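Paired with subunit B in one complex and with subunit C in the other, subunit A is shared by the two complexes that follow.
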Partner chain A sequence: MDEIVAEYIRRTVLKIPRHEIKTMLQTWGFLSEAQLQTVNFHQTKDSVSREVVQLCKDNSADIKQAALLDIIYNHVYPNKRIWSVYQMNKSGEETDFFDLRDFKKKFKRRLQTALKNVTINFKEYEDNAIWIRIAWGTPYKKPNQYKTSYVVYHSQTPYVFISASVIRSTLPLLCQALVVASNYHDIREMELRSHCLNSLKDIVFKRYSQTFQTYYPRPLQERNVTSENVDLRIIQENKNEKERILRVNREVFGDGPQPKLEFAQYKLETTFKSNPSLDVSDIKEPFRCLVKFSSPHLLESLKSLAPAGLADAPLSPLLTCIPQKARNYFKIRERKGIFPGSFVSP
Partner chain B sequence: HLATSLPLPSERDHLRPRIDLIAFMIDIKSKYSLKNVEASLAHVDASFFLGKVCFLVTGVGRVNYCSVETNAVWKLRDVYSSPVLYCELELEGIRVATAQRLLRMLQICAGHIPGVSALSFGSLMRNSEDE
Partner chain C sequence: GVLAHLEALEARAHALALRQEAAEQHEEELAGLRAKAQELRLRRDRLRAQVELQQQQLLGNEGVAPSAEPDAAQRSARAVLEWKTRSVQDLLQLFYLTGLSGKRTKHGACFCLSTAYEGTYLGCFYVDVTVRPQVRIRRHSVPAFIPLQQLAARHLPADLKRFLSVLSDHLNAYVGRRYQADQLQERFSSHLGGTVQRNSLCNVLAFSYNTSGRSESFPFSARLLYGDPCRSLPTEAVVLC
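Let's turn to the complex of A and B:
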């Protein structure tokens, strides 16, 4: 077995948390149950990884098997990478039936004619998700298995989730290959990025709890004020205001859990508008400013701002439109006209 | 009665008992809280400032997160002639002790302690601070 493959398998196994190694190897299915029994999974990860590599050598593993293990690892732990969302467009209305074999063939052919040295592997999952792993090389060097891109394509949708490799030049090539293989016309980046792949899918497939217009003047209250430590001697003076804030918040964010995003970025390209009493002349060029919000769970923290008294309700629509518009990177430009304001560019 | 700002909503005026003590809570980690208190002070009748108002500064345990300057708090104390208590609500011992102090002040302000009036107690606290 190739030394590169052996080392790659060893490093992949080392990434897996110790209590998960056995299950992941079983999912992989390359080593038989009998072989797995011979490994002591309670020793140090270093020793476990070496034993696994030895078994792989006995079975003559090649790069294809190693790549498959890597895909499985990334499928279970997708949140270690940053994913960007892309949308493909069809020009006409042809509803081609999706042929998996055709897709794979076209994809490989497109990439390999452009760049001879690539490793391409596919794995399909139940929810119509096709995982593609690509290891990039150069015209003169073999593929570097540690410089990989991952693509998750849901064949029944025009959306592709890409976790690109550090080599930026490979991205256009990858996009081109996807468009050609899937019989679409073009592809565009959706300004939506996050570590949490499932949340990106939730936003794009509209799987999170959306709010609808209700015509009830007040929502039904499932929970009364009989929560844990309510002392009846404490009287909240601003109860009406608190209820209004909760109601407005609920109308904006809905009831269910929010998709998990880590940042929202607003690039301002507006001119600086000063108070006329200040002695600053109106600068005509745009004031370049970047505002970035970051949080372990941005949307949940925005949802809890108003009830915690840290912001007025309702929040700015620039913040609350994130799931509906399916983007978290915005460019705000000057609105040209009689009433200067700002608007969000597409 | 807990309120987030003054003036109090008027629809509950008829339900409210007499107010003996107003404690303004300032979170030292939030400039917004100081601004809120300053805005609310404008709505307090002048007679309350004869010993029936105090400032409670919370969050003093977290030195790294101080947003409100001590000078700002002292200015409030001087302008409104009212005592300032410092506490850390996250520690149970201090929380209980502060509650006991407030309760004692409330008893005085409500007139339950014979011989001590709110005004005399207020000036006592002020003099002891200056020393």
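Let's turn to the complex of A and C:
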């Protein structure tokens, strides 16, 4: 077995938390159950990884198996990387059947004709997600297994989730290969990025809870009517206002959990507007300003702003439109409203 | 000496007396305020009772005088209201069961497309449209693999009815195919080798199976293609042995 492959497997095993190593190796399926029994998973990770590598050597693992283990690791821990969402476009309405073999063949062929030194691996999951792992090399060097890009594509949807490698120049090549393989015309980057892959999927596939006005009685959650004060002599002066805030909040954000985003960025390119008495209003150049909101869970914190009394309800539509517009990077220009990102054709 | 001591004691007694007086005054004030609060509460209760009485009178449409009569009128009015509410709810439920229902919103309307397959209701999808200046989709909960944008480009803004009808066909067909695939997996799992391979739209199914359900080998492999996105039956089937 290649030393590079051995070292790669060892390092991948080291990344896995100790209590998860056995389950992940079982999912991988390359080592038999009997072989796994021989490993003591309670010793230090260093020793565990060396034993695993030894077993892999016995089974003559190659780079394909190692790549598969890497994909499995990233599938279980996708939040370690930052994902961007891309949208593909096609004119014409033919509903294609999406042949997986055809897709894989075209993708590989396109990438390999452009760049010979790449390692490409695929894995399909139950929810129709296709995971693609690409390790990049140069025309003169073999692929560097530590500089990888990952692509998650759900067939028959126009959306692709890419976690790019540090080598920025590989991105256009990757996009081109995707467009060709999936029979689309062009691809553009949506202004939507986050660590949480599932939340990005929820946003673009519209799986998060939206409130729609409907007559059909949805089962309303019984809200606990436990009032802290049973004393009827105390009257809440602001009861109406509080109820209004809760109602408006509910209409905007819905009842369910919000998708998890870490930041929202607004780039302002508006002119400075001020009191006419100050002499700065004649500056015609836009006042460049960048506002960035960050939080471990941005949308949940926005949802709790109004009930906590920290902001007026309803919140600014610039904040509440994030899941619906499927973007968290905005450019605000003068008077024309929000300016969307531009298309990039290969 | 002793005189100073006596003076000190006198001063202390004086101070104590003052404090006691102050405490007594405080107690009196407190008692006075409590009595006032009690009085106000009684007054408030009386006024509340009066207000309720007046409301009852208005509902009962009687003249002055309290007692049982406005209660009866109130009860029958309430019964009528309940009946009306129930019949409206049933009507709305009926609309939901037809597969297409809607509600006007301040922007336009929100349509609910409910889907079913052979008598089983399978969930609903929403499309929120604005009508001014043209009919345009504002928000929706349609999955990404249904070609919503293409359908909208083709039928809107001219023919909303047609658009909804075609979208409903697509959604019902997709949901029907998905349901069939789920049922196949669930009810014939002993005949199937592994899981049924499908794609997002469930219009390509591939699986291997046997006919007996008891043996370990799955000699047949089938591939079903559903060519028409608006139908939930396959257009092509390839079986290999």
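Here, the second predicted complex is superposed on the first by the 316 of 346 C-alpha atoms of A that agree within 3 Å, B and C clash if a C-alpha of one lies under 4 Å from a C-alpha of the other, contacts with A are read in each partner's own complex, and residues count from 1 in each chain.
As a working rule, a contact is a pair of C-beta atoms (placed from the backbone, for glycine too) under 8 Å apart; a residue touches a chain by one contact, two chains touch by 3 or more.
Because the structure is a prediction, the values reported are computed rather than measured.
K.L.:
Using the touch definition from the top, say if A:294 reaches subunit B (first), subunit C (second), both or neither.
P.N.:
After superposition on chain A, A:294 lies in contact with neither partner.
K.L.:
Which of the two partners, first being subunit B and second being subunit C, lies in contact with A:32: first, second, both, or neither?
P.N.:
neither
K.L.:
Contacts for A:241 in the overlay, against subunit B (first) and subunit C (second): which applies, first, second, both or neither?
P.N.:
A:241 contacts subunit B only, not subunit C.
K.L.:
What's your read, subunit B or subunit C touching more residues of subunit A?
P.N.:
Per-residue touch count on subunit A favours C.
K.L.:
Name the contact category of A:310: first (subunit B only), second (subunit C only), both, or neither.
P.N.:
A:310 sits against subunit B, while subunit C stays out of touch.
K.L.:
Taking the complex as given, what residues does subunit A use to touch subunit C?
P.N.:
93, 95, 97-100, 126, 128, 154-159, 204-206, 210, 212-217, 233, 324
K.L.:
Touching residues of subunit B toward subunit A in the complex: what are they?
P.N.:
Per the touch definition, subunit B meets subunit A at residues 1-5, 8-9, 11-12, 32.
K.L.:
For subunit A, which residues count as touching subunit B in their complex?
P.N.:
234-238, 240-242, 309-310
K.L.:
Please give the residue numbers of subunit C that touch subunit A in the complex, ascending.
P.N.:
Listed in rising order, the residues are 41, 89, 92-93, 95-96, 101, 103, 105, 110, 112, 124, 126, 128, 139-145, 147, 150, 154, 195, 198-201, 203-204, 225, 229.
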